[in-house]
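So that you can tell them apart, the chains are marked A, B, C, D, E and F in the order they are listed, and the count of residues begins at 1 in each.
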Amino acid sequence: MEILMAFVVGILFMSATYLMLSRSVVRIILGTTILSHGVHLLLLTMGGLKGGAAPLVGENASSYTDPLPQALILTAIVIAFGVTALFLVVGYRSYKVLGTDNMEKLRGNEGND
Amino acid sequence: MIQTVVYIALICVAVAMITLLYRVIKGPTLPDRIVALDALGVNIVAMVALVCIALDTNAFLEVILLFGILAFIGTVAFSKYLEKGVIIENDRNS
Amino acid sequence: MKMIEIAKLIIVAFILIGAFFHLIAALGVIRLPDVYTRNHAASKAATLGVLCILLGTFLYFYFIHDHFNSRVLLGILFMFLTAPVAGHLLGRAAYHSGVKMWGQNGPDDYKEYIEIKKSEKYQEYEAYRKKIEENIKAESK
Amino acid sequence: MKTSDLILQTATKLILFLIVLFSVYIFFAGHYTPGGGFVGGLLTSGAILLLLLAFDMKTVQTILPFNYLYMVALGLLFAIGTGAGALLFNTPFLTHAFGDIHVPVLGELHLHTATLFDLGVYLVVVGVTMSIIQTIGGDE
Amino acid sequence: MINFLILPILIPLITGVLLIFANKSIMLQRWIAGLSAFMTVVVAAMLVQKVKNDGVQTLNLSNWDAPFGITLVSDMLSALLVLTTSVVAFACIIYSFKGIGEEREKFHYYAAFNFLIVGVNGAFTTGDIFNLFVFFEVMLMSSYVLILLGGTKIQLRESIKYILVNVISSALFVISIAYLYSVVGTLNMAHISVRLSELSGISQPGIVTIIGVLFLIVFGLKGAIFPLYFWLPGSYYAPPVPVMAIFGALLTKVGVYSIIRTYSLFFFEEAGYIQQLLIVLAILTIVGGLIGAIAYWDVKKIVIYNIIVAVGLILFGIATMNQDALTGSVFYLIHDMIIKAALFLLVGLMAAIAGTSNLRSMGGMIKRYPGLGWTFFLAALALAGIPPLSGFVGKLLIVQGGFASEHYWGAAIVLMSSLFVLISIMKIFINGIWGKPRAFENEERVPYKKLLIAPVILVILSVCYGVGADFVYPYISQAAETLTNTNIYIDAVLKE
Amino acid sequence: MSLLHLAIIAPFIIAIFVPFFYKYIKGVHTGWFVLPLPILLFVYFISFISSTSNKQTITESFSWISSLGIDFTVKVDGLGLLFALLITGIGSLVVLYSIYYLSKNTEKLNTFYVYLLLFMGAMLGVVLSDNLIVLYAFWELTSFSSFLLIGYWYDREKSRYGAQKSMIITVLGGLAMLGGIILLYLMTGTFSITEIIAQSDAIINHPLFVPALLCILLGAFTKSAQFPFHIWLPDAMEAPTPVSAYLHSATMVKAGIYLVARMSPVFAEHALWVWLIAGFGLVTLFWGSFSAVKQTDLKSILAFSTVSQLGLIMSLLGIGAAALHFDELNPAIFTVATTAAVFHLINHATFKGSLFMVVGIVDHETGTRDIRKLGGLMNFMPITFTIAIIGAFSMAGLPPFNGFLSKEMFFTGMLSVLEMDFNWGILIPIIAWIASVFTFIYSMILVFKTFTGKYQPEKLEKKPHEAPIGMLISPIILASLVIIFGFFPNILSSSVLVPALETIMPGFSFDVKISFWHGVNEELLMTIGVILVGVILYFTLSKWRGVYGLFPEKLALNRFYDNSLDWMQKGSYGITNAYMTGSIRNYLAYMFTFIIIILAATLFGKDAFAFSTENVAQIEFFEVLLSLIIAIASIAILFTKSRITSIILTGTIGYIVSLFFVIFRAPDLALTQLVIETISVSLFLLCFYHLPKKLTEDPLSFKVRNAIISVGVGAVVTLIALSAHSNKLFDSISQYYIENTYTEAAGKNMVNVILVDFRGFDTMFEIAVLGIAALGIFSLIKLRKNGGKKVEDK
């Protein structure tokens, strides 16, 4: 399973990278959300999968899955949400103010002379 | 017996999901995709339930209800977007 | 046959029926010709499928583990409540966003209604009606 | 064309109660079963979001006249306060205390400062989500 | 009080929260922000003294023992950096009173600023690798807010790039933690160090090296090392002056600090490979920064590229990894934080007066603004490492360490970088502060004397830091000692 | 802190008060407040003569950064004292002169005197400190005070140019010197000159010895304007004339000479030292004198003359060092050279100082320094003319002035090279002689083109007249010194010269007896030759001037300097602009490429890749199907053009991810992921109202590039994940949480307990992050609305 997940994560990273390299701001933001999915899955995978019952005491199981990566992922998910929300707003604000969502047109080299 | 049936059911649902995914990607219209997404959500709920049985734990039963709620909210948001372009109106009586 | 075996059979039946409906729903979404019919398949068949499976799950925990889980029941209730609303909203949204119908179904009644609403006479009628309503309000005060 | 969302609104009124109840449950149960401040808070904001979808900003604002940014700050204060309480006892920051208190009528009452902390989380999450949605939704 | 070391994090945090409530009155906000910044300075100074007297301070948060809970660790390095951060923040706050504009003040500028300090101080203090990530996020999120605040065109445009790069680096950070966790199964930095050192008996697995490289990339993105600094010049150019100053002074340094910390604790045994890599990258960073600094005629750009040079310098010292060079790096790190903030404030002040940051349309400022001119001159010399100003001792030690470790070319480049830094920064002095006096459009509007207070404070500090190097030296060498002898750190955390 | 330290610091202290004098006491020229200081110091230093002439050295130490071996140790010995006297003595005269030269009404006297005092203190520090780092500190300070003084009239383009040039070149040397100092430290473990000298024998074979030597020499050469670094000195003449007289002739430029003299005991054992110093000195001597002749600006002539004279002193020191290097030869032959060097050092200060002052007077009274405009001033300013004659003749090496004496000794020194077994040795005296010829010529030009010839009043800005007496005092004193030293050359020898010489060449005994007449020998003949040829060439100047045209301008060093600065600026601009395109996509492409390459290289280079199927969880068929869904959906996003479709697909991925969380037994994650996903989708939909309908597409080439990079990233991540998972070297610490969740933390949901208790600190800041995000979104959207244009950056 971990091996499969490694490949899934790889594919998620791949498409996230591709999206982040594209021109459109919307795609870039989508890329970051997909990136965070990949990251979270990877973190979970690295903790070891299916190591036992869900980490709830009283599951009368002999072993539990590692709860620590789950807690870390939870933190990471919430942070990623905050960042995505902000990024989204920045994206649309900048589209309104600058009039384009094309990153190629957003070069701007102030002070480069 | 139950376990076998659950695994069969899981595969059925997964196949159904892939089929729905085809609709999501193919379209051809936006409502098609959203309909498929909605159905996908329902399938996921089913899957969670089946996984609960398969793992023999009630830890995920909350997820079912929660997902029911969220799939609904999502569908409402999408349909409002389709219909009006803006999902939250400032003042609909004006 | 013991009670528990019967219960197991019922559970299995529910799950299998549910899975079957899911497949049917998926088939419908793939095969049906336009968004309205697909919506129909998705919201009816899939909902039925998930209800069956949820019921099976509930029974599983109730019988096998002797655990009465209210959340699943609530979930069933919830699904029951929301699925039609969601289907309705989607259909309406599709219609208003201008998705064409398949063409081999019956007459488009809703279109007629909208056209009536858009017509001049209806507008006049609306204005008139509003005026009278306001008058009544003013008088009652 | 203006459409009425009667069906949606009616359903929402019905469902809303359910969601809020569930979110409160999930919040309090968090220490024992899946859930907690995050999910609870997010779900509550989901409920408000549904309200916003079905109705409109103005209506919702009259029903829930909160300044969500203040709510965020309040939640943070809760969380920090729970942690800083430990400073008074010269124990490390964020040390939690718990215990069972016997209340005559209600019986055993399980108290845990972690719940207070989680309440802070809950408030922040609701405040943040709602203030984001409100600010974006209110932007013309 | 065992919770002492958390105060530099807690005070700005509480202040930030209170400031959200206080958004109605600007005066109230200023008072709160100023007082709390001052308090943080005092507390941080006391903390430094405490670490000096009692050794490494640790705090097991929530009262869980070391590898299981989160541990805050204040060794001398982190305490010093916290102190410097607080000082720089204080100066920038003072500058902000007159220099940021009431609009921004109304919209939670001070709150975001305080959160930024929380993030930076937290990152310096934490002893847990995931907690470091969280503090990075606090810092980054506040920096996003600060870079955006005001929403001008350039701010929006550059912030997209800035956010994107940092999102990627955060993602890489988390996956690095994931890999590390997979290998060592723990998050406490001291504990990781112990576990990794247990490995050295067996053949050192290559996986540790690759995780080390990954961490280098992550922190390199934050700290702007050679091929990863492209985002920096544009992003730092966008925000208003005090924000630019605090960014320039602090943010990259957090990355550098993290490199120091992780390399001294985790990857010291991989020195061979990673050290070579780091040295090469450090040199390339210096060269790249210098090329940029010389290229432009924009005052902000010049100073921004000098950040990169400084990062390269410090990294070179770290990579050299001997006591001298490390001491020098720490010396230089603190110097650079102070002087960069001062320079940004000064350059910003010049740009504010002139109404443009283009050097070609400045000139003769010394005639009307002698204070500005001389402060800038001193700051420029300090930046270039002219004795007895603050940059000198650090540079001396880095070069000395470099020569001693027989990295002759690297050390020579470090030495000669001073010349080019000087050329680039003196370009501002010669063309902007000297030159034919002109009339500037914004002259009347800029409260010049009040804005000058903050940079003057910083420059005076910098001069004292350089001249009083003997007084500072015991602190710095204690910091460097913890880096070379990691057992001090580990024992303090794990209490073995 | 002793009185000696105070003496060095005193100028700095006074410098602090100068602005106040200037501001509050307007009636009196600020110079008068400054003047007592150098005089006092001069007197103070004279009091040391008695002790140094008894071979005593006075050492006072004051700890500065003692932890690094940097102490402010002051050491007064012969050499140091000589320079200290020079600095304070000439300093007094220059201050006096400046009082009349700079008008108190129009000039910014406060800054001028601050700079001058800074310089004076720094220079004292250079020559008196025993610690190399302290020396270096003062050394740089002299560079910067010189920079400030050259740029005194900062609104003039040329001043700024000259200031920058001098700064760049001297700092370059300074840094090299610092490098040398550090190398010395690594060899000896000390920064103290005295201790380094004590260890000099031990380190000569150290591999770092030669680099250290070269570095130190580079410092000395740049400061003392040796060829090819001399180019800064002529441009430094943009400084006010008193400054030129002080810094750029008498003191600062001699710091390099001081350094060479000071370090001779350390390095002179090495042949390289001897040859480099002598060689560069000679080249400089020749080139400076040769170039001086073609100048038309009086100060430029003097500048090149200074260059040339510095070369002369340098070469003498080099030849003198041979005494230390060659054990087999009679040291007495070479010690003459050193003696000449030191003697000429003093003489040069006197005559060059007076000449600069004269030029200053001419400039001041006529408004020009161009010899093509000047002429016939003899009648208007006779005293000035007299001083000029004295100075110039001394410079030309004519009797009976002191220049003649040192010139003779110089020839002696150069001839002594012939004693060495060196094939081309004869060239050295020949070059020296030719240079002397040119020296003669420019000295004559200086005097006669200015003071004799045709008076051209129409070309002058002012009507010339004799300078005020105050302005004349200093040059008169200097000129009289020229004569006094000429007639009584030995008055300084035992008291000042010998102690200095013994410091330069410890272990040699000096018996300095300079006599005016020592018979008809080679030296005298050479001098006569110089005069004869010089006179002829002077009168035929216009005929052979064309020689200078032969040197292509392109090869000129100045051109080289300008071009390289220009090239540096343009090149770096080109480079930086080429890669700093402002396009984040390019940046990301670079970064990702770097990341992929470095990670892949490490992965395979360090043999880090591992793959094991142990320890992996079992896999179910439906999980494969789910993975397939994620894969298909995430790839489908790349090809979709509609933003709604992509958001639907992203939502799908999110939902499947949460399903994975369910399968992997992470209920909390599944819950959170679901809600977050839904709310994010709503946010996207909310924002889409404000965003463009279509997604911008890339051209194909970019797509290919991006595809390659993305596949690389994905592959690297996967490979590392596989290796990391196959390398589970330790157990996780989470067993502790599993055991203690209920007993210690009173909770059952481990994840939640970790979140609020074990790692509650994380959570606290995580919600802080959320709060900040909300704050940012709020401000971002609202600020614009209310603020309008005001927020635009100042």
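Annotations
By definition in this document, contacts are C-beta pairs under 8 Å (C-beta built on N, C-alpha and C of every residue); 3 or more make two chains touch, one makes a residue touch a chain.
Please read these numbers as outputs of a predicted model, since none were measured by experiment.
Between chain C and chain F, the least number of touch steps comes to 2. Note on connectivity: the fewest steps through touching chains from chain C to chain E is 2.
Comparing chain pairs E-F and C-D, the larger number of C-beta contacts belongs to E-F.
Chain centres computed from CA atoms place F at the largest separation from chain A.
Relative to the centroid of every protein C-alpha atom shown, the closest chain centre, again from C-alpha atoms, is found for E. Distance from the centre of chain B peaks at F, each centre being the average of the chain's Cα atoms. A separation of 70 Å divides the Cα centre of chain B from that of chain F. One finds 63 Å separating the Cα centroids of chain D and chain F.
Note on chain placement: the centre of chain A and the centre of chain F lie 49 Å apart, centres being C-alpha means. Within chain D, contacts with two or more other chains are made by residues 3, 8, 15, 18, 22, 26, 32-35, 38-39, 43, 46, 49, 69, 72-73, 76, 80, 93-94, 96, 125, 128, 132-133, 135-137. Counting only residues that touch two or more partner chains, chain A has 20, 25, 38, 42, 45-48, 53-54, 56, 68, 74-75, 78-79, 82-83, 85-86, 89-91, 93, 97, 103, 106, 108-109, 112.
For chain B, the set of residues that touch two or more other chains comprises 13, 15, 17, 30, 34, 55, 57, 59-60, 62-63, 65-66, 69-73, 76-78, 80, 83, 87-88. Taken as a contact graph, with one node per protein chain and an edge wherever two chains touch, the assembly fits none of the named shapes, being neither a line, a ring, a star nor a complete graph. Here, these are the chain pairs in contact: A-B, A-D, A-E, A-F, B-C, B-D, B-F, C-D, D-E, D-F, E-F.
Interface residues of chain E, counted against chain F in their complex, comprise 13, 16-17, 20, 61-62, 64, 67-70, 101, 103-104, 106-108, 111-112, 115, 118-119, 122, 130-131, 134-135, 137-138, 141-142, 144-145, 148-152, 154, 160-161, 164-165, 168, 172, 175, 178-179, 181-187, 191, 195, 199, 205-207, 209-211, 213-214, 217, 221, 227-228, 230-231, 233-234, 240, 273, 277, 290-292, 294-296, 351-352, 355, 364, 366, 381, 384, 386-388, 392-393, 396-397, 399-400, 403-404, 408, 411-412, 415-416, 418-419, 422-423, 426, 430-431, 434-437, 442, 445-446, 469-470, 473-474, 477. Every residue of chain F that touches chain A in the complex is listed here, in rising order: 576-577, 580-585, 588-589, 592, 613, 615-619, 623-624, 627, 630-631, 634-635, 637-638, 643, 646-647, 650, 653-654, 657, 660-661, 663-669, 672-673, 676, 679-680, 683-684, 687, 690-692, 695-698, 702, 706-707, 709-711, 713-715, 717-718, 721-722, 724-725, 728, 732-734, 737-738, 741-742, 747-751, 754-755, 758-759, 762-763, 766-767, 769-770, 772-774, 776-777, 780-781, 784. If you check the complex, the residues on chain B that touch chain A are 55, 57, 59-60. For chain F in complex with chain E, the touching residues are 63-68, 133, 136-137, 140-141, 144, 151, 154-155, 160, 163-164, 167-168, 171-172, 175-176, 178-179, 182-183, 185-186, 208, 211, 568-569, 572-573, 575-577, 579-580, 582, 584, 586-588, 590-591, 594-595, 598-599, 602-603, 606-610, 717, 720-721, 723-725, 727-734, 736-737, 757-762, 765-766, 768-769, 771-773, 775-776, 778-780, 782-784, 786-787, 790-794. Taken together, the chain E residues at the contact with chain A in this complex read 130, 133-134, 137, 141, 144-145, 148, 151, 153-154, 156-161, 163-164, 167-168, 170-171, 174-175, 177-179, 181-182, 187, 234, 237, 296-298, 300-301, 357-358.
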